[in-house]
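Input: structures, listed below.
Same chain, two partners: subunit A is paired with subunit B first, then with subunit C.
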Partner chain A sequence: MVRLIRSSLARIFLALMVFVALTPILWTILGAFKRLKDIVTPVPKLFFSPTLENFVTILQNPSIRQGLGHSVIVVGASVIIGALLGVPAAYSLARHVRTLKGDLQFFVLSLRFMPPVAIAIPFIVLYLDLGLYDTLAGLILVYLVTTISTVIWLSVPAFERVPKEIEEAAAMEGCGPGEIFLKFSLPIAMPSLFGALVFTFVLVWNELLLALTLAAGNATLPVVAASITSLGKEVPWGVINASTVILVIPPLVFIGLLMSFINGMMKPARR
Partner chain B sequence: MNNRRFLFWTLTPGFAVLAILALISIAGALYFSVMDRSLRYPDYHFAGLYNYQRLLSDRRFLNALQISATWEIVTVVGSLVVATLLSVLIFETVKSFWIRNLICFAFLAPVLLPRVAAAFIWRFLYSPSLGLINYLVGLTGLGPVEFLADPSLALMSVAIVDIWQWGLFFTVIMLKLLETLPRDPIEAAQLDNARTWEIHAFVTLPMLKAPIISLALVKAVESLRSFDLIYVMTGGGPGTATETLDLYAYQAGINLGGRISYASAMSILLLVLTTIVFTLIWRGIRKWSV
Partner chain C sequence: MANIRCVNIRKSYGGHSVIENLNLDIADHEFVVFLGPSGCGKSTMLRMIAGLEDITGGTVSIGDRDVTHLHPGERGVAMVFQSYALYPHMTVEENIAFGLRRQKVPQAEIARRVQHVAGLLGLESFLQRKPKNLSGGQQQRVAMARAMIKTPKLFLFDEPLSNLDAKLRERLRTEIRKMHLDLKTTTIFVTHDQLEAMTIADRIVLMRAGAIEQQGTPSEIFDRPATRFVADFIGSPAMNFRGCVVSRDGGSVSLVAGSIRLEVPASEFDGLQHGAKVEVGLRPSKMDLAAEGDLNAISGKIILVENMGSEAQVIVDVDGQEMSFVTKAFRTLEPGQPVSFSIEPASIHVFSKETGRSLRKAG
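The block that comes next holds the complex of A and B.
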């Protein structure tokens, strides 16, 4: 009996935690379809006549449209360049480097210790002198630190899991190292590599500080969203909710992928 | 020879870009930290250690240092405690594969949100006049609580958002780790009539010591990047109650007249401090976990 009560209490508690995890997000989505008079009520409203006004306001707002465009360009370019430079480096690190491997990996990880402000401030001055301040190219260049290092860090284990026998067999057939990499290792490791790229994408898509300091004139979406609070006199909560929803959609699309990525990362431990 | 060329062309470009960018920012920050450069004036001179000396007697800096330390401890410990308790709870009570997966999906959603979005979502919830949380607080008869405007609550209120994102994410990872453990030691403990919490406290969690420590390290590194969340939610306020080091460096270097040199000195100190602390922790862990 005590057991039964305890387990049902545990279940209620877990249901509550799922509620805590999801309600804030769902509530914001709901708020995005509300008129301001439905938001500013003493008792929160669950039922109301939905409106698309907020999304119309947002999509007609030129700075948000530009922000979306800038985000796509900056994030796309930095992730693609990061992949082109990072994936081959990760492969060589996983397969060909012996003595320096630990040191190189620690170097890559230690870049993550660097406070973003410490990166931003010298680059402000440098970019002002070079004329790169407020340009997307400058922002992409700085984002490469994040993308290359994250891609390398996450791809090394992906390549280590490629069966060595396949590569050895290919080498026996007379394939060069480049050919082995492109024809065998890369396709086999592709599913895990894709997860690594998605993770990298989410990191730079969400980035605020560097975008705010280095390219406020060509703002990316997080910067635009962060500045909406001061739009007009009263706080436009409906509009803020709608822009939050737009900001959230791209990363949330990848939730299933993140799940399978975690599952894949855990697998070798089972052996 | 072909092999060496392959190695060279795959490794050099990526690592060269990383090394150059890292070198530029560290060397740049070091250089400016001993100058008196400000964005307001074009010329600047050598100032020696003046900026560092001023920092040590700057009460706002010392305040920021203390808040950063509190932030680190609260978010790291909070996330791990939440993750440990919830993952054990799920592991013990939910046996169905599908329900477990559904819970995992729900718990993964918050961490994927951009920090700016998470900050807005919770500002909306915390709002004293129209927030959902204050409505619930109001039902219990207490007046509206100024979660973000009350200096004694603001930092904790922001930390809860961070734990909401990372604690639930770590719960999923810990659950997966628990699932990979071999069953035999757990069954042996069950035969010895150990209680459920005893099994986890003395058998399973000690077996997961190494991965839990690396989770703590990952969280500690991620917690250093608290800027986005705090900037949108409180902007460092009320007063300086939530002003961490990166927020103060941003305010000094970019917002308030661009005291580049002063902010550089601050970020160098921050860099040195985190490097020392993390190296010490890293070494301590390796000694301890062997």
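The block that comes next holds the complex of A and C.
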């Protein structure tokens, strides 16, 4: 009886925590479908006639559409290139580098120590000279520092967890180093690598400062979203809510896509 | 199928030498066990033959082909690992067939061979499962199937049974032995379990600190240990050792330590001068309660009787030091009783105090 009470108390507590955590998100999503008059009421409204107006406003706003496009290009390119370079680098670090391994890993991590401002100012100077200022390529280049180092840092332990004997067993079947990496180490480490990629993606997707200072003319979504909030007194709450929803959707879609990709990888195709 | 020849094998890690000039010949079809204490270099030796470890010096040939510098996949060798090393992202069937698929063996042929080895090892109903959904014994069988299907020239096993419980270990040991009787593939099997080695081997290679201490059939190693180290390592319960002084009296030679006086035939030993100090080894399993008037009886007081089912190990205080012997007639024995036990002269081992080598003449 006591156990029953305790377990139901625990459940209620858990439900409360989830409620607290999710309410702001739900409220934002609801807000995205409300008209302004439904939002600015003294008594919050749970029932209202939903509208897509806010989304239409946003998607018709050329600066937001552009921002979304820029974000997808910049973040997509920097994460993909970061993964293509970082994952093999992490594998070689985990498997083939013995001396200086700790130092190398620390160096990679130390790239993340510097505050973004400290990176931004020298880059502005360099980019102005190189003609990369205010270009997407320039922004991708800066983001690569973040993505490559984060991917390496998070992937080394993933590869270290792959048992050495599995690679040796594959070598006994005649596989060379490249084949071992592609057919064994990579798929076996993939669930952990997946976490590393998602983390890296979110990190650069939300990046504001570097985007603001280095490519204000080619603004990414966070820059655009930041500018909406400072539109003046007449705050378009519904539009802000809708833009938040739009900002959040790509990472979610990305995670979903990666998930199904992983599941596919884990079941190699039968010939 | 092939014979293996290792010539002057050396291995060092950095400056630290692990194996020094090891020479070993293994005949075709032979089942050889590498036995030795932890860290003596058994796995290192096996992995050098497999090609997983660089060879610092010397040559390895398999079937008269020098494979010293060949990739592991080109040596015609299959290995079963202690941790099984199954591919977690593939089903059992894919694990077993991976090597053949890679070699582009026709699909029908693969299916036939998978069915065959799965049948031999009782894996038919698990073929579509992932390794993580199998028990330890089943995983071990998959690892064996994966090695067998390639019909290699040489099987290597590195402590394949040490992660299993005692019963299963015994059963798989028998299965491995039966498999060898069928396939007759040359096999090297590493273990540090001397009982496992005794039951499974055609020949035991007993290693110590990177060198071969003795090699021979299980009974040679058990009955004629070449050194004190081998005598101590093999056999359970462990051998009793006593420092004795040689006493020559006319034609007969006795080994004396306190109240112990063991007579041995002088012609079977070398270097038993009068007054020499030697180490005498007596196997508990070769001794039993003494009958009236037995030669070489040893007397003492019982400390403990350890019941092992059909027999018991009796631990006895002889001149203040413990000795043990094994007997079936243990039901009447009680701690505190005086007891007397004896040994055949042919089972007495005598070792040099300086070199640890057996003083028994060869042959």
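Definition applied: the second predicted complex is superposed on the first by the 223 of 271 C-alpha atoms of A that agree within 3 Å, B and C clash if a C-alpha of one lies under 4 Å from a C-alpha of the other, contacts with A are read in each partner's own complex, and residues count from 1 in each chain.
To be clear about the criterion, contacts are C-beta pairs under 8 Å (C-beta built on N, C-alpha and C of every residue); 3 or more make two chains touch, one makes a residue touch a chain.
The shown structure was predicted, so the numbers you read here are calculated from the model rather than taken from an experiment.
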Of subunit B and subunit C, the chain that contacts the larger number of subunit A residues: B
Partner chain(s) touched by A:Ile148 [first = subunit B, second = subunit C, both, neither]: first
Touched partner set for A:Cys175, first subunit B, second subunit C, both or neither: second
Touched partner set for A:Leu52, first subunit B, second subunit C, both or neither: neither
Contacts of A:Pro163 with subunit B and subunit C, given as first, second, both or neither: second
Subunit B versus subunit C as contact partner of A:Ile80, first or second or both or neither: neither
On subunit A, the residue positions that both subunit B and subunit C contact, one per complex: 176, 266
Residue ranges of subunit B touching subunit A (in the complex, touch as defined): 2-3, 6-7, 9-11, 13-15, 17-18, 21-22, 24-29, 31-32, 37, 39, 86, 89-90, 92-94, 101, 103-110, 112-117, 120-122, 124-125, 129-130, 132, 135, 164, 168, 172-173, 176-177, 179-180, 221, 224-225, 227-228, 231-232, 245-246, 249-250, 253-254, 260, 263-264, 266-268, 270-271, 274-275, 278
Interface residues, subunit C side, partner subunit A - complex: 50-52, 71-74, 77-79, 81-90, 94, 98-99, 101-103, 107, 146, 150
Residue ranges of subunit A touching subunit C (in the complex, touch as defined): 163, 165-166, 168-176, 184, 187-188, 265-266, 268, 271
Touch list for subunit A against partner subunit B, complex: 7, 10-11, 13-14, 17-18, 20-25, 27-28, 31, 39-41, 43-44, 85-86, 88-89, 91-93, 96-97, 104, 107-108, 110-126, 128, 141-142, 144-145, 148-149, 152, 176-178, 181, 202, 205-209, 213, 222, 225-226, 237, 240-241, 244, 247-248, 251-252, 254-256, 258-259, 262-263, 266, 269-270
